[in-house]
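In the part that follows, the structures are each spelled out as structure tokens.
In the two complexes that follow, chain A is the common piece, with chain B as its partner first and chain C second.
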Partner chain A sequence: MITEEATQAAPAPVRATPEPPRPATRHRAWDEVPRWHVYLPLSVYLVFTLVPFYWIVLFALRPAGSTSLVPWPVTFDHFEKVWTERSFGTYFQNSVLVGLCTLVLTTLVALAGGYALARFDFKVKRGFLLALLCSQFVPGALLLVPLFEIFAKLQLINSLGSVILAETVFQLPLSMILLSNFIKNVPYSLEEAAWVDGCNRLTAFRIVVLPLLRPGLIAVGSFAFVHSWNHFLFALMFLNNQDKQTIPVGLNTLMSADSVDLGALAAGGIIAAVPVVLVFAFIQKWLITGFSAGAVKG
Partner chain B sequence: MAVALGSVLALTATACGDDGSGSGDKGSEGSGKGRIVFWDNNGGVRTDVWKQIIADFEKANPDVDVEYVGIASTEYQSKVDTAIQGGGLPDVGGVGAAMLAGFSAQDALEPLDGRLAKSSLNGLLNKDMLTSLKAAGGRDGRLYSVPTSANNGVLYYRTDLFQKAGLQAPTTWDAFFTAAEKLTNAGRNEFGYTIRGGAGSIAQALDAMYGQSGITSFWNGDRTTVNDPANVAALEKYAGLYKKATPAADVNNDFTKMVAQWDSGTIGMLNHNLGSYQDHVKAFGAAKFRGIPQPTRPDGKRVQVSNPVDGLGLFKSSRNKEAAWKFIEFAASRAENSKFNESAGQVPANTQAAQDPWVQKSEPTKLAAAALSDGSTTIVQLPYYLPDWNTISKADNEPNFQKVLLGKMSAKKFLDTLAEQLNEAQAEWKRQG
Partner chain C sequence: MAQAAAVAKPPAPPRRRRASATPRRLPYLLIAPAALLMLGFIAYPVVSVFYYSLQHYNPTKPWRNGYAGLDNFVRVFTDDPQFWDTLTFSAKWVFVEVGLQLLFGLALALIVNQTFVGRGLGRAMVFSPWAVSGVLTSAIWVLLYNSQTGLTRYLADLGIGSYGTSWLSDTSTVFPAAVVADLWRGVPFFAILILADLQSVSKDLYEAAEVDGAGRLQQFWHITLPHLKDAIVLSTLLRAVWEFNNVDLLYTLTGGGPAGETTTLPLYIANTSVDAHNFGYASALTTVAFVILLFCSMVYLRLSKFGGASK
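What follows is the complex of A and B.
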């Protein structure tokens, strides 16, 4: 059923109002502040934040047994060791596969579900939204045994499919709520105009609505990718074979009961962190827009 | 969506019935051929040596294939517990003394006494390790895990620093405390000792307490001896080292931080076990440190707490128990047990393997093996059989031990609390028996 809002006439086009000039006093205040008042605290904070990362890089790049505080001479032995001897090459591929499949599945299903929540009114809508919200309160660990049994029946244990399915299901509620808020913010009149021009609902959605959802899709997709990339529990429980395991599980095996190769652990940590850092570096702008826009009450 | 899909899948699962892979499944002997699955309880660093052993086994038994699954030690228990409840247990798994009580209480393991009696291994396994695993398995006195190795507490010390300071090797507790004090120069970031204040701190503190007090039993009737006045005094002295002879950061030390700190700094002594020996060799080379058994008391007696014995268990749900037992037997045989323990740096359970030349060449292992077998050491058996032991000795009391180090709780109060919980757990265990 189409919502009441949808049947109303499209609102008149709104002219963009020019941005009001910034108060002059703000500029003066900024100019009067000595630069070190800003840069010193920021630098201290930056050092505080980055020292642990430096420590990881140091352990990863300096030779085993070295106590030097600078990674010199630089060695890539630890990276070579984890990538080849400790199968991180395989773990990396598996993590990429799990991450990308979760991203695609989550985004597609959340898009369809979010559209339904935003544009249609149905009897159990409030109850459904409540269920979505409540599902966020259930920790994954609580569902391990039932999920394990279900995947065993479906013969998905020791298959990446189990992890992809579990990750997607756990990502969907938040993603769907976010995308539905995004879609609500796109004027319904735009879609109606497309219908008048001969588009069906799907084409209108693809041509008119979808391009406007880019920040939301990037936010939801990246969130799904990063979450599944970092998630440890499902991969640990549902995957057995070494050639099926993912990066977080591989990292865990670098720490034995009574011995830790810190160089290898640091190198593994960098391999695990780089894709996430790159993803955030590229999408930062859209991510912030995405979350703030998606947070608007619909 | 999660709820909806979960409900649908749950209904599907219920409709399908039980596949019999969970606990309660009696399994079957099988043909002795085909595929078996082995879960390693310390996967990662031991993966390579297990793969060699599996290759040897498959060569000797071409009709059996072993699928290896390496699981990090920290996650092993939860993975097995999930499989016990949800199905999917392996045929063979690493089962050490610390986890044995939990698994056998869930009826997940096959008793192995009968198989061992008929095996070529009979009489060749270290008797103390067998006793320890039988005791840890629960109240029926049966063997649920074939021992493969034992770890032992080691006092590592920097020979170069001791020589420079003109100190004797810390073979007695008096020499230990003297060295800890003399090697400390906090202004230059030099410390005599590094104490374990984070995860795993309780077992180490118990070792230091019983080692000094000389009390040789964990129980006096149904009451624990942990809060005996001699143990309280010993703990006060040991905890008193914190910040006087140790770095302040030690309050959060788990073994990883403690070992890393010792390997990268100028700290004189470290208590850990045989497992970190190779890390120290990498850090210093073999010439700059030694690993010796725990110090002795003034009367020459050495008392230490038991370290968990590691072993291999056969899961009851196995559909191929004959092949699974073949694998356990093979892994505990002289050649393979020797190979495994040489790689792990631990004391072999196979008494023939314990005579192999590598044991004599690796000083900490040789000394530990001697300490465990020559009668010079009294072992205080920790109550691994108590289902609550892991909780009591970790989550429940580690924060309190940190308070003791920080001076916010007295050693007496800490030990009284610990004793109360242990006495209660013991009484509960007896009631259920």
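What follows is the complex of A and C.
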């Protein structure tokens, strides 16, 4: 407002009136798109996103047989039933174990490999990078039979170890590329300075580089956790005992029953969703920066 | 002063030497765990799939096992209508899913890239299905599509559609129904990647375009889109491979049905190997699928001139 008055008061006789709108439009065009251009499509999309979530909450909380569109009166019967009768308590423990082990293993192995890729030139580097890229085209689902045979030889069928190994292996290539890009963004001179101060390579890495890798580690770690938490096929194939199975397999069992218990399915779904939603809420703000710093370009 | 200090600092050469003293074996040691894991659990299985594809191998019919030459491949191409059906469906599925996900993902990224009140919360909410698994997505949409208690029932209450409609068991509605369910989960992936890439577009470019009198559509066409090109090419490719290979959603949502209407090639392969135990033939199918995938990816990267513009 003040600037407008100022420009009008300024001695720019005839052109004064057409002149001021210019900066105004310029400002508006990118920084300030009309509000409804944002809110209208966003609300439409939010309805599409949130109605399914609401639906599952509704089914999980309302009593069986109710057709009310509001979960009232609230009942937790479905949760109790799923947790004990349908062994989701056990599945939950197994899934947490698989998720955490995959997270730790993937992060450690990818960190070592990523560091080598970022800091050294060595003979097989190009070949190794090519192998990482090619592995993206290899469908895990289509390797089920040979993988099953390998795990059978290793006596890992029916053990969570098979699932942890398989999840880790298929997480590794992208994690390694992502982390090596993050490491490249940390100037080598920082490490060299630490060596001069008497640190060895490992200490220098731990003290100087590691803290700067936080966004990358969070991105890679949470991907590993979420993926292995969500993944279904390996657990379905390699784990036969009911007490070894994971949440997605449990959900599938609920779904493929002859008459599906919708309340139990919804409650099971919420149990499946809670950890990933928590992880997601935690990493959400790192996600955008993590991708822009580490992914695709590097 | 600083210059003098730098020049006068002799420890530089020994520091160099020390840095390069260890590296000889160090990089190999560092990539060893990853390389071993990938050799054992990706490379070896891939090679054994190639090997089995040349074998008759079916544990339930051991008397037929043995070298098969190209028999399996001949059968794939000449004597297996299911291969062509499922391959066509896979192509349709990937094309529709990736196209729509990119379109909506791009639109969504542009919207949440604006500054508005509640942006953080808005982003978190529209991105949230990204974290949801294929099986959970199926569970949610099974509840929504259920004929007695699902959305159709309430829509019918409002006079839209008819009671008892089950979108997942009708051959004419199952495809769009599955597409919508997968879109729900897939759009955020593109939105997140594109939004991340949007952060690096220089504001100056828009201001310059503004001065030249370019409208918002022109700015999008001439600045935003070229900037996003590499990210779009890469994410569509990764997504297409992923959509082709992924079986979680269709396996649990439709089981490939009704009447094989939604069976993708990987689902067909999984059925052939797991249910029918025909490992030899399934391996041949896998090999063919792998070659198709690799070939299409190469063609796509070549046609889109990936990385050409920015380098």
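Basically, the second predicted complex is superposed on the first by the 253 of 298 C-alpha atoms of A that agree within 3 Å, B and C clash if a C-alpha of one lies under 4 Å from a C-alpha of the other, contacts with A are read in each partner's own complex, and residues count from 1 in each chain.
Following the convention adopted for this analysis, contacts are C-beta pairs under 8 Å (C-beta built on N, C-alpha and C of every residue); 3 or more make two chains touch, one makes a residue touch a chain.
Remember, predicted model here, so these are calculated numbers, not experimental data.
After superposition onto chain A, the partners chain B and chain C occupy overlapping space and clash.
Residue contacts after overlaying the shared chain place A:V169 against chain B and chain C alike. Once the two complexes are laid over each other on the shared chain, residue contacts for A:K153 go to chain B alone; chain C is not touched. Once the two complexes are overlaid on the shared chain, A:L262 sits against chain B and chain C alike. Judged by the touch definition given at the top, the superposed model places A:T253 against chain B, while chain C stays out of reach.
Once the two complexes are overlaid on the shared chain, A:L129 sits clear of chain B and of chain C alike.
Ranked by how many residues of chain A each touches, chain B and chain C are led by C.
Of the two partner chains placed around the shared chain by superposition, chain B and chain C are both touched by A:T67. Once the two complexes are laid over each other on the shared chain, residue contacts for A:L212 go to neither chain B nor chain C.
In the superposition on chain A, A:L97 contacts neither chain B nor chain C.
Touch criterion met: A:N241 reaches chain B, while chain C stays clear of it. Overlay on chain A, chain C versus chain B, candidates 75-83, 201-209, 237-245 or 255-263: the clashing stretch is 255-263. Comparing the two interfaces of chain A, the one with chain B and the one with chain C have residues 67, 109, 113, 131, 135, 138, 143-147, 149-150, 169-170, 172-173, 176, 237, 252, 254-256, 260, 262 in common.
By the touch criterion stated above, chain B contacts chain A in their complex at residues 1-6, 9-10, 12-13, 16, 19, 21, 37, 39, 42-48, 67-75, 78-79, 82-83, 85-88, 151, 255-256, 259-260, 263-265, 272-276, 278-279, 282-284.
Listed in rising order, the residues of chain A touching chain B in the complex are 64-65, 67, 85-86, 109, 113, 131-132, 134-135, 138, 143-150, 152-154, 157, 169-170, 172-173, 176, 236-237, 240-242, 249, 252-262.
Looking at the complex, you find that chain C touches chain A at residues 11, 15, 18-19, 22-23, 26-28, 30-31, 33-35, 37-38, 40-46, 48-49, 52, 104, 107-108, 111-112, 114-116, 120, 122-136, 138-144, 146, 149, 151, 153-154, 184, 192-193, 195-197, 199-200, 203, 206-207, 210-211, 215-216, 219, 230-231, 234-235, 238, 241, 244-248, 251-252, 255, 266, 269-270, 273-274, 279, 282-283, 286, 289-290, 293-294, 297.
Remark: chain A residues 25-26, 29-33, 35, 38-39, 41-42, 45-46, 48-53, 55-56, 59, 67, 69, 109-110, 112-113, 115-117, 119-120, 122, 124-125, 128, 131, 135-147, 149-150, 165-166, 168-170, 172-173, 176, 192, 195-196, 201, 226, 229-233, 237, 248, 251-252, 254-256, 260, 262, 265-266, 268-269, 272-273, 276-277, 279-281, 284-285, 287-292, 295-297 touch chain C in the complex.
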